[in-house]
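Here the chain labels run A, B, C and D in written order, and each chain numbers its own residues starting at 1.
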Amino acid sequence: MITLTSIPIHYYLVFCSVLFSIGVVGVLIKRNALVILMSIELMINSINLLLAAFSAYNNDPAGQIFVFFIMVVAAAEVAIGLAIVVLIYRTTHSIDINVLNKLKW
Amino acid sequence: MLTVILILLPLLLSLIIIAIRREKAIRQFALAGSLIEFGVAVAAFIQYKTSCHCNLLFTADWLSTLGVSLKFGMDGISLLMVMLTTFLVPVIILASFRHSYHRPAAFYSLILLMEMALTGVFVSFDGLVFYIFWELALIPAYFICAVWGGNDRIRITFKFFIYTFTGSLFMLVALLYLYFKTPLPHSFDFQWLYAATLTPVEQTWIFGAFFLAFAIKIPIFPLHTWQPDTYSGAPAAGSMLLAGIMLKMGIYGMIRWMIPVCHEAVQQYASVAIILAITGIVYASVIAIRQSDMKRLVAYSSIAHVGLIAAGVFALTPNAMEGAVIQMVSHGINIVGLFIVIDIIEQRTGTRTIGSLGGIAVKAPRLAIVFMIILLGSIALPLTNGFIGEFLLLLGLFEYSMVFAAIAGLTIIFSAVYMLWMYQRTMLGKTNETTEKISDLSWSEMAVFVPLVIMIIWIGLFPGLFLDVALPDVMQVLNYIK
Amino acid sequence: MTTIISLTILGVLVLFLGIMKKQSWLLPVILLGLVVSMGLTIMDWNTFKVYYHEMIVVDNVSVAFSTVLIFSAFLIFSLASHYYRGVQRPLDDIFGVMIFALAGAVMMTSYGNLIMLFLGIETLSIALYVLAGSHKEAITSNEATLKYFLLGSFLSGFLLFGIALIYGSSGTFDLQKISVYVSSCAGDYPPMFLAGLFLLIIGLAFKIAIVPFHFWAPDVYEGTPTLLTAFMATVVKTASIVAMFRFFTHTFQGIHGAWETTIWVMAAFTILLGNLTGVYQPNLKRMLAYSSISHSGYMLLAVVAFSPMSENALLLYTLSYSIATISAFGILILIREAHGNDYFSSLNGMAKTNPLEAFCLTVAMLSLAGIPPLAGFMAKYYLFTTALEKGLVWLVIVAIAGSAISVAYYFKPIMAMYLKESNGVKLEVETSYKVHLFFMTMLIILIGLLPFLLIGLL
Amino acid sequence: MTEIIILIPLLPLLGFLILGIGFRTIPKKWTTLIGPGTILLSFILSLITFINTLSNHQIFIFSNQHISTSAHQHIYTSSHYLFPWIHIGPLDIPFAFLVDPLSCLMLLIVTGVGFIIHVYSVGYMKDDPGFNRFFAYMNLFVFSMLLLVLGANYPIMFIGWEGVGLCSYLLIGFWFKNQEFNNAAKKAFIMNRIGDLGFLLGMFLIFTTFNTLSFEQVFAQAKSMPMGDATILAITLLLFVGAVGKSAQIPLYTWLPDAMAGPTPVSALIHAATMVTAGVYMIARSNILYVLAPTTMAVIGITGLATALFAASIAIFQNDIKKILAYSTISQLGYMFVGLGVGAFTGAMFHLTTHAFFKALLFLGAGSVIHAMGGEQDIRNMGGLRNKLPKTWWTFLIGTIAIAGIPPLSGFFSKDEILLHLFGHSGPMWVIAVTGSLMTAFYMFRLLYLTFFRNFRGTDEQLHHLHESPPVMTTPLIVLAMLAAVGGLLNIPEIFGGGSWLSDFLAPVFADAAAIAVPPVLMSPATEWLLMGMTLAGVGVMVFLAWNRYVKQQPQLLPDSARRPFPVKLISKKYYIDELYDLIISKPVLRMSRFLHEVVELRLIDRMVNGVGNMVVWTGNTVRFIQTGNVGFYMFIMILGIILILFLNILI
């Protein structure tokens, strides 16, 4: 039976790092607030996966419990984030993050 | 206890004075208060014993975990400085009566606050407390100059503040560093600071930091450029406080700890410091010759005079050090006198440009006489206070190096050149439309000058009292050198 | 623990009051509640307690800093009635969120487990995203919240990643156990662990606004409603620096050398950049933002020095910084209200029209600049001593150079108030507000004169 | 005795204080009493002191043949300790007075001539609004001069030294509405100060060498120093710089002619009789040091000789009555220095004394002339005053004869003593000195002839105004004329059968020096007679030449603007020395001042200071643009930061 632990931990690590990096790159190159929000979700999910993997390898449930916490928090964050995006859209009629740069220097 | 009263009394007065509304009452209160303060200082002078190194000591814990305690006391040098401060402040307050400053309560309150800080500097026996008072003095000085000053005051005073504040930060670094080099348990107590063990390299660095801090305050060439602007831009009382008392903090600091703490570095770099100081003497004197603004001329003359004091301090001989101490007192008295004279002239004629004045002596002979006496003091004519100081300073410097003394001695010639030039162009000659209407000193104005003139001659004639008070402590300081 | 619980209850209570439409009760209840919770916090003094499998650790450090946080919040809430004067909309949500944020901040000072740290940070942050945008009509507020949210959630991703990596290498979230793991490594740490460590530091550094993770601060500070900026500049910063400090004290004493250089450099850059950039700012609020960045750098000194003394130094520093900053923001609120902007020119001649306010702002500025004998000087002095004890001479010199530069901008409002001609606008201030400002000013002076009441505590 | 000594300077000081404080309220009558009165009292007390010293001196002479033993010093020297002035460890400077024959002599001159001139001033300054102020200054001057003379150590002497400089300044610029006069006053003070610096440095060197500044101790220690010691050389040279400034020798003489701007009594008292001789007194006082420094002695001799000749040549072409006298003073001071330079200390002091008499007389006479002429000072506009001002004329004549060195008046003896010494020292120097003295005879008689002979050349108004001065002015003239006439008796040399009284009197002061110095060359009486005869013949020729040129023929008096041959022009323009000083000192200093202020101060130092500030501001202004306001950019930078941190910490 293929269990979670039968795949070497490095695989998870590398995979999650790549996933995380994709998220980071997404954040960096995209200007659409929604896409950035999704990229951040991607980052967080890669971490979730990593935590779950570590939890399994360490035989320690704390990691997985933390994943639940993260999911709750991420949900809250997304809720706020979407609200902010809506707010921005209302005032600027755009969700391009670089449109708003009145505050600078 | 007297030392604590000396610090707290002006503070208290300055707080009370804010609540007073009537201008006349404010003035009288400020004057009376400062006179009481002077009385306390005189009491301290009477109580003082030269033989004992525990004079008027007051100790209280403050930041004991950090080795900081409220330790106040006096030795001969600080006693003289306190006497100078408490003597000059009433004079300055009295001299300010002729002006009707806006917001008088704040003005006199700040003067008293400054008196408190200055007194604090001179009686602190603890490094950090010293530093706190040192910085504290800057705030009222800044506000006095900035709020009641003349043209372009904002820029000038800001430069003054930044410059001197930056300088004192160097002192703070050095002080903190020094603290960790004191014997265990670390302490800021002067005795501990003196006992700090430092490697030559550390000495050099700490010396450098102290020197910068003090040299900016004094100011020593080439760190002086804030000074002429500030003196000429400040209100009369501000210039007097700065030049009369505040710059003495720098020299006092040098004597009080720079020399004992980093004595090796001081010895090593003394010649450099003296060269700077002497350069300043000649440089400022030469510049003073062509100044057209009386206050600015006096400002440059002050650079030259204090340059000599600084050079004397670094000569590290008893004579020079005694000269420095007595000259600090003399310079304070003389320059305050000069500034008052200039202030009176400016107030009556509306200008202090030398070129547009002249013939004042015809209309105001009393003013001319007083001006002449003060001027003689500042050009160091024998039997005036200036001579005692300069004689000892030059003698001490001569003991250090004949060439240095010869160059520094040029101040004797130069000071005569520019001072007499100023006197001639303003007081002598024929009157013109600016000076035609000038009136002579009133009796209340004479009251300002009488104590100054008395001191000029007293110190010139009987300097022994002052010299003897300071001597044991000067020797004490010099003992660190050996 | 009682603190967190009491604060949470208070938050819920505030929301209930909103439902019950008792708007006028809000502030009295909050202030009272804060006092009660502060009292409860202080009662934990000298009683070392752990809760929930060491998820929460209540020790003297946490008690002290929680008190500072609640006290800062108390001072900020005292400004609120004036700030929200005339605002028609219900305020229970804003106040409630603020209190929840405070609870999150308290969590950050007393966590014993990285999960709690994360939860604290997120509670704080999510609440702040809301608060930053609470002025919905203002475009600047919108921009602020957007920037804060995007950058914040982005960086908390890194924080999480860091936590995950630490978990991966040490196998635990518990600080004590991580500490055991660290000592078992005996100086040879796996790269994964180090990467986790640095990502964690970076996540916290973002919250404290440390170079190069400070970019959000000036913009967000400027756009956020002023009262909440004060909250951000004080409560958030204090909580985050304490969190970082706590993290190091409890866990990584053993590997001081691994992160020292990095933080050293970050501190130096923060001080220099904050102060240099502050010099040219034309308005008070943005200037305060840069000032707060530079103060982050000073606070970081305590972390770099990392000795038993630095807890005390940090306590004194955060307290004096918070009070002075809130006091400055208190005046800023008045100025914005009267002039609609906060350019320095708006302060012109304030010493004549509003001497007390001018005096309060002056004291606050002088304290921030670190001029004796005010609280700011004592704090800085103590901090420098701590750093020097560790031999951080050059860092202290950088810090002092920064102080010298900072005078250049801290004096701008002072010069405007005292030396420029008045523009004739007199600030309308009610007595209670004046009393409050004066109270803070007195506190600044008192802490300066009696710092020994604080420094021996921890 | 001490009380009397203290009172001598104290009385003039008292006078000064009374007149100075009440200068606007005290009536002139009182001033007339207080001003000269205090000096008279001082003079009387000085006489008492003198008599006292003299009697002690007699004991000394009788009791001791070997004058070099110091065991008897206390007999003729009395120290009077007043109070400690500056006392720091080894540096002990008491306020103390020293009375010995030398200071006694000076006391008498200062108070005596001072009193006479004070009396004269009462008349001369009668109508001046600054009457009280004048006497206040004069009293202060006498006080300072007495301090200078009485001081028992160098610093006390220095007090007087600078004090007289101050009074000179105040009195030259007495009519302070005229800026020309003020310039002259300032010039005098500053030139004196240049010398004072030398004095000061000399004092310092004395202190570092001998560890004391008191005359007695310094001289006692100096006695045992080797001849030609380098330190002594330096000390004496530095002190000599002081003397050069005070006594208006080359190169610091230019202030003295300008100093004639002051009222004429001032010129008589300060710039002829007393203050300017302070340098001579000081060197005479320090004789032991100088004897030990032959090089300095040579320098002094040469300086004195050069000055004597130089000033005399200028005097020939001057037309201002006071300026002529001023250059004459410089020249005569030169003779005194020559005397000092060749070791004729007594001769120098003798000449000092007689010079005080006749030069004061000449100045006061000139004052009387000026008074009569209504302020006119140009001798080209005078002439024929002989009949109008008989008393002035007679006294002036006596003065002129005295200064020209015609026996039996005082100048002859004193000058002759110096010349004789000089001849013993060096023949060529003697020739130069005699040349100078011939010039003296010429210009003095030129002055006399032009002023008092032939016809009056002034305006009619002046002619009407001409009158002899009141008795209060002429009496002093007569008294001084008598002194000038008989002053020579003080030290009649042996070949005239005299007892050389002054030499004996002063001998103890110079005893140590005499013991050390090379013994004077003994000349046969024949040589002495020959030299005297040659000099006299020359003087006679000069008197005749002047007579021929200015009395017999119509004198050719050219206006200042007239064209003259170059050498004459050079001399009549005073060798352009003032212009030269202006060019090489004043102007460069002023230019330097401007350069330092405008370039070094404002453009260099201040700009550097401001530059630091500006750099900070500039950096701040530049750095803040990193804050672009663009979230994407922020993220990018943060990622860079993260990568950098991770890279540096983990991979390296």
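Operating definition for what follows: a contact is a pair of C-beta atoms (placed from the backbone, for glycine too) under 8 Å apart; a residue touches a chain by one contact, two chains touch by 3 or more.
Values in this document were obtained by computation on a predicted structure and should not be read as measured data.
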Most central chain, Cα average position: B
Busiest interface, counted in C-beta pairs: B-D
Inter-chain centre distance, chain A versus chain B - centres from mean C-alpha coordinates, in Å: 66
Inter-chain centre distance, chain A versus chain C - centres from mean C-alpha coordinates, in Å: 27
Where chain C and chain D are represented by their mean Cα positions, the distance between them in whole Å: 78
Between chain B and chain C, centroid-to-centroid distance (C-alpha), Å: 43
Residues of chain B engaged with two or more neighbouring chains: 162
Touching two or more other chains - residue numbers and ranges from chain A: 24, 27, 97, 100-104
Sites on chain D at which at least two other chains make contact: 613, 624, 627, 629, 631, 635
Pairs of chains, among all present, that meet the touch criterion: A-C, A-D, B-C, B-D, C-D
Complex contacts: residues of chain C adjacent to chain D: 146-147, 150-151, 154-155, 158, 191, 194-195, 198-199, 202, 206, 212-213, 215-216, 218-219, 258-259, 262, 273, 276-281, 405, 408
Footprint of chain C on chain A - complex, ascending: 9, 13, 20, 23-24, 27, 33, 36-37, 40, 43-44, 47, 50-51, 54, 58, 60, 62-63, 65-66, 69-70, 73, 76-77, 80-81, 84, 87-88, 91-92, 97, 100-104
Residue ranges of chain C in contact with chain B within the complex: 366, 371-373, 377, 381-382, 384-385, 388-389, 393, 396-397, 400-401, 403-404, 407-408, 411, 415, 418-420, 451-452, 455-456
Complex interface listing, chain D residues touching chain A: 624-625, 627-632, 635-636, 639
Residue numbers on chain A that touch chain D, as the complex places them: 24, 27-28, 31, 97-98, 100-105
